[in-house]
Amino acid sequence: MNDQILIEKAKEGLKEKILNIANPAPRRIFLKVAVDNLLETISWLKNEQGFTHLSTISGVDLGPSFEILYHFANNFCSFTIRTEIPRDNPSLPSICQLIPGAILYERELQDMLGLNVQNIPDPRPLLLPDDWPAGNYPLRKDWKFERPAEVIPGGKK
Amino acid sequence: MKIGAFIPELLRHLAKKPATVDYPFKKLEVPKGFRGSPYLKPELCIVCRACERDCPAEAIEITSLSEAEKKFRMIIHNDRCVHCAQCVDSCPTGAMLIDTRFEIADYDRHNLKMQWDYIRAVVKPKSEPKSDQAKS
Amino acid sequence: MATVRTLVYLFIYPGLLFIFIYSTFCEWYDRKLYARLQNRMGPTHTGRGGILQPIADFFKLMSKEDIVPERADKGMFSALPAFGLAIVSTAMLLIPVWNYQLSQPSLISFNGDLIVLLYLLTLPTFIFFLAGWSSTNLFSTIGATRVLTMLFGYEVPLFLAVLSPAILANSWRLAEIAAFYRQRPWLMLVNLLGFVIALISVQAKLERTPFDIPHAETEIVGGTFTEYSGKKLALFRLMLDVELVVASALLATVFLGGFPGGFWLGLLNFIIKTLVVIFILSLIRATTSRIRVDQVVSFSWRYLAPLAVLQLLIVILVKGLIS
Amino acid sequence: MNFQIPIGPQHPALKEPIGLRITVDGEIIREADLRLGYNHRGIEKLAESKTWIQNIYLMERICGICSHSHTTCYVQGVEKLMEIQAPKRGLYIRTLVAELERIHSHLLWLGVAGHEAGFDSFFMYVWRDREIVMDILEIISGNRVHYAINTIGGVRRDLDELQVKNILDSLSVLRKRSEYYLNLGTTEPSFVARLAGVGYLSKEDALALCAVGPTLRASGVPMDVRKDDPYAVYDEVPFEVCTADTGDVLGRTVVRIKELFQSYNIIEYLLKNLPTGPIAVRAPRRPKSNEVVSRYEAPRGENIHYIKSNGTEKPERLKVRAPTLGNYAATIKMLKNGFIADVPLIFAAIDPCICCAERAVAIVDARTGQEKIVSTSSLKQLKQNVSPNKERKREVVWPL
């Protein structure tokens, strides 16, 4: 199977950088690396395995840390690289030099989870309004949205 | 490249009946399974609250009027309803049904509320519900 | 008698009253036709078959709030719609539609009225330009520059195409040109190419698809008319309708032999011939998609202008043959 | 002479609000910048507070046009989390609706392209024929737009013989019409003049900027999730991935019309090989703690959902990446050095679904002004400052 070959190749090419590699379903590979090895792993994936298409970047708030998932895809496999960064120092390198199309996803990460993406070519906020209060990151678990009470135009009957 | 490639088609339709319908005056038939607004058959409701729990729009509200008489009140907020008919699927006794009306707009959102006061029915669920419907 | 005639001419037929009513009818006709060509219903409910819809639209717009942009040149901004309407209505007076005697076919008829009419039809373009420019809106400004850019494209072919029948008829007077072709109907065929060129140029002059570039709503919102609202917009729309009638009447006079036959028959002729021209214009509008402003200019100079010159050559040849 | 033109958030070319600011030099675009956020609804956050069943309908409301694609993507992910397998007939009906939706979306796009190019007759005719497929969807699912046919573990409504026959009859009409439009759209000179060579995106750029869907395929990259990562029953259905190598708007049009024909073939295959049996299985209320990446080829391109469950009734994280967001970076590239007149066409050519792309946070009030971005609070301030009786400024500042 392609998945097995790819996993073998990953083990060969990345060696001790791999923290964990899993293949929970056909055509799905999850590879965990440390944040310091992220750029090398992605450049390995792109240049040596030909994964040029970045589907998206997901960020998950795990409580004490954030998990960032880079979903790559090519014609036969969806390859996810995951990395974890601590909550008190949420910074990770930008991958825009390798994948120019990642810019919008990285800006979204900055807005929504308050991650500090280093060397990002365009650090402006993407989604949030300009008068959004600083330090509010909506997709963090500790950010609670209070739904305002429903107001029916015309008042109560 | 053909100049005026569209002209034959256009002229062919000049004398034809328009494809559009003079809507508020003439109406199209809706098909049989059309999902309109939900309504309740109170004589079948066993107050399992499956509809209330599964409603994605929080449009169904069941309150208890009197515990002793087992009297309940259901309000369907049609102004919030998204017409997904999940309540119909969730209902184990077939008490929730959906009609085929589509002109339900109103000037006042309060007029869109529908309300039923009823005594809880004792009906055995006809068929197995599609999802796990543990009584809450 | 002459005074009464003048007054009737100015205010009733074919002056203001007739032209306003007839132009709204033409708008309805254009809209209905356009809709039916697209397999739609078009205006339906105001009046029989929606025939009063343009009038209803006019009165609705007249009663709407009228907003003048803060930074616009207020005087010019407000004066332009009325000015434009006046120009196209004046142009209508030159069309020979009265009882059709060669001596007195219209209120004023003189040798060279063709040229005056063409110039009166050029002025609305400048009105649109000024309207867009004085709005000081970005979209209006782009629309205004597009108006002028397009003018350089279609104006010369239009002039050449309209002048070639005049050369053949050996007259610069509309009534005489029409009379000439009525006597020799087969000579109208000589001007067929010119007629096509003139139709395309008039389409561009009236800013209808494929030349609705200056007010292309999907590109630059409303273009020149972005800031116009209420009464001013109503007048502009009326002006466009009148311009449509005048332009189609001009083409009917020059290429289709005018409107002979006294008052009633002349009126019938007028209506039928303008409606035929408007039908062709609507068909062009329905058949094509909007092109870019650079494509308009290159199309005009690459195809229309050489063809117009060719038409001129044909006319000169034919003239040599028949004389 | 450069000046900036705001396209949006409210603009007739955009059917949904988005802020696009272009710097033009005469009629030529020099710079383009994109501003999202006008339309944010906070769906990702909201999904974390809704149950798995409620989320089906929430996902459906990400987008009106591709409502089925988001639910399918979500539902097949959740099915994997819950370790259930939808029955074959259910999957066939799911695929059938997906392909009908693709037809409806592509026809809609074709009409919109005509409208953006000022070709209103084309738009009217295409949309008239699109009604046929809308009616089919209404008969199958009970609604024209939000079909709500998916449920966790299968589909909600079955097909009967009469419906199958109706759909096949309508398809033959649609097929004939699509051939006509393919012929017309590629021969009408004024239309072709607007499409050909506009919004060029090279193969390298398309790959580097991670474009998806027909935008990518029109640049000559045969990437289609249906083929690469078959979900539902696409591994059983024969079809081809349509590509074009022109990389312009005309190429995207051709790719979409070719895909229409593929969809007709797929639907015919599905209806002729429709298996019997149940249409859904019972789903548990809670999945185990797990995670899944679900991909789907929406009409606009690759749609990807990352779903993480924590063993409760509600998802821990639901990340949605709709195809439009993936194409924005490429759009900016395409717009540069184009004409103002081409903005709506280039923008429409990615088939933007702004609702899809914008869904991450609760309230958004930003408004793109002409010179600067003005927030609502300062707008309200402005409104209070300018009283109706105040004298108007007389000085005129010419924009040029």
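Per-chain residue numbering starts at 1, and chain names A, B, C and D are given in the order in which the chains are listed.
To be clear about the criterion, a contact is a pair of C-beta atoms (placed from the backbone, for glycine too) under 8 Å apart; a residue touches a chain by one contact, two chains touch by 3 or more.
Predicted model only: the values in this text are computed from it and were never measured.
Asker: Farthest chain from chain D, comparing Cα centres?
Answerer: Computed centres place C farthest from chain D.
Asker: Select, from all pairs of chains, the pair with the highest number of C-beta pairs in contact.
Answerer: Top-ranked chain pair by contacting C-beta pairs: A-D.
Asker: Please list the single chain whose C-alpha centre lies closest to the global protein C-alpha centre.
Answerer: Minimum centroid-to-centroid distance belongs to D.
Asker: With chain centres taken as the means of their Cα atoms, state the distance from chain A to chain D in Å.
Answerer: Centre-to-centre distance between chain A and chain D: 23 Å.
Asker: Nearest whole angstrom, what separates the Cα centre of chain A from the Cα centre of chain B?
Answerer: Each chain's C-alpha centroid was found; their separation is 40 Å.
Asker: Per the centroid of Cα atoms for each chain, what is the distance between chain C and chain D, given in Å?
Answerer: Taking the average C-alpha coordinate of chain C and of chain D, the gap between them is 42 Å.
Asker: Averaged over CA atoms, how far is the centre of chain B from the centre of chain C? Could you give it in whole Å?
Answerer: 54
Asker: Multi-chain contacts only, two chains or more: what residues does chain B have there?
Answerer: Within chain B, residues 6, 10, 19 contact more than one other chain.
Asker: Which residue numbers or ranges of chain D touch two or more of the other chains?
Answerer: 121-122, 125, 128, 188
Asker: Give the residues of chain C that touch two or more other chains, as numbers and ranges in rising order.
Answerer: Touching at least two other chains: 37-40, 286-287.
Asker: Does the chain-touch network form a line, ring, star, complete graph or other?
Answerer: other
Asker: With touch defined as at the start, can you tell me which chain A residues reach chain B in the complex?
Answerer: Per the stated touch rule, the residues are 152-154, 156-157.
Asker: Please output the residues of chain C touching chain D within their complex, sorted ascending.
Answerer: 37-40, 70-74, 136, 138-139, 141-142, 145, 209-210, 212-213, 216-221, 286-295
Asker: Under the definition above, what is the set of chain B residues touching chain C in their complex?
Answerer: Residue list for chain B touching chain C: 4, 6-7, 10-11, 13-14, 16, 18-20, 22.
Asker: Considering the complex alone, what residue numbers of chain C touch chain B?
Answerer: Contacts found on chain C: 33, 35-41, 44, 283, 286-287.
Asker: State the interface residues of chain B toward chain A in the complex, per the touch definition above.
Answerer: 79, 108-110
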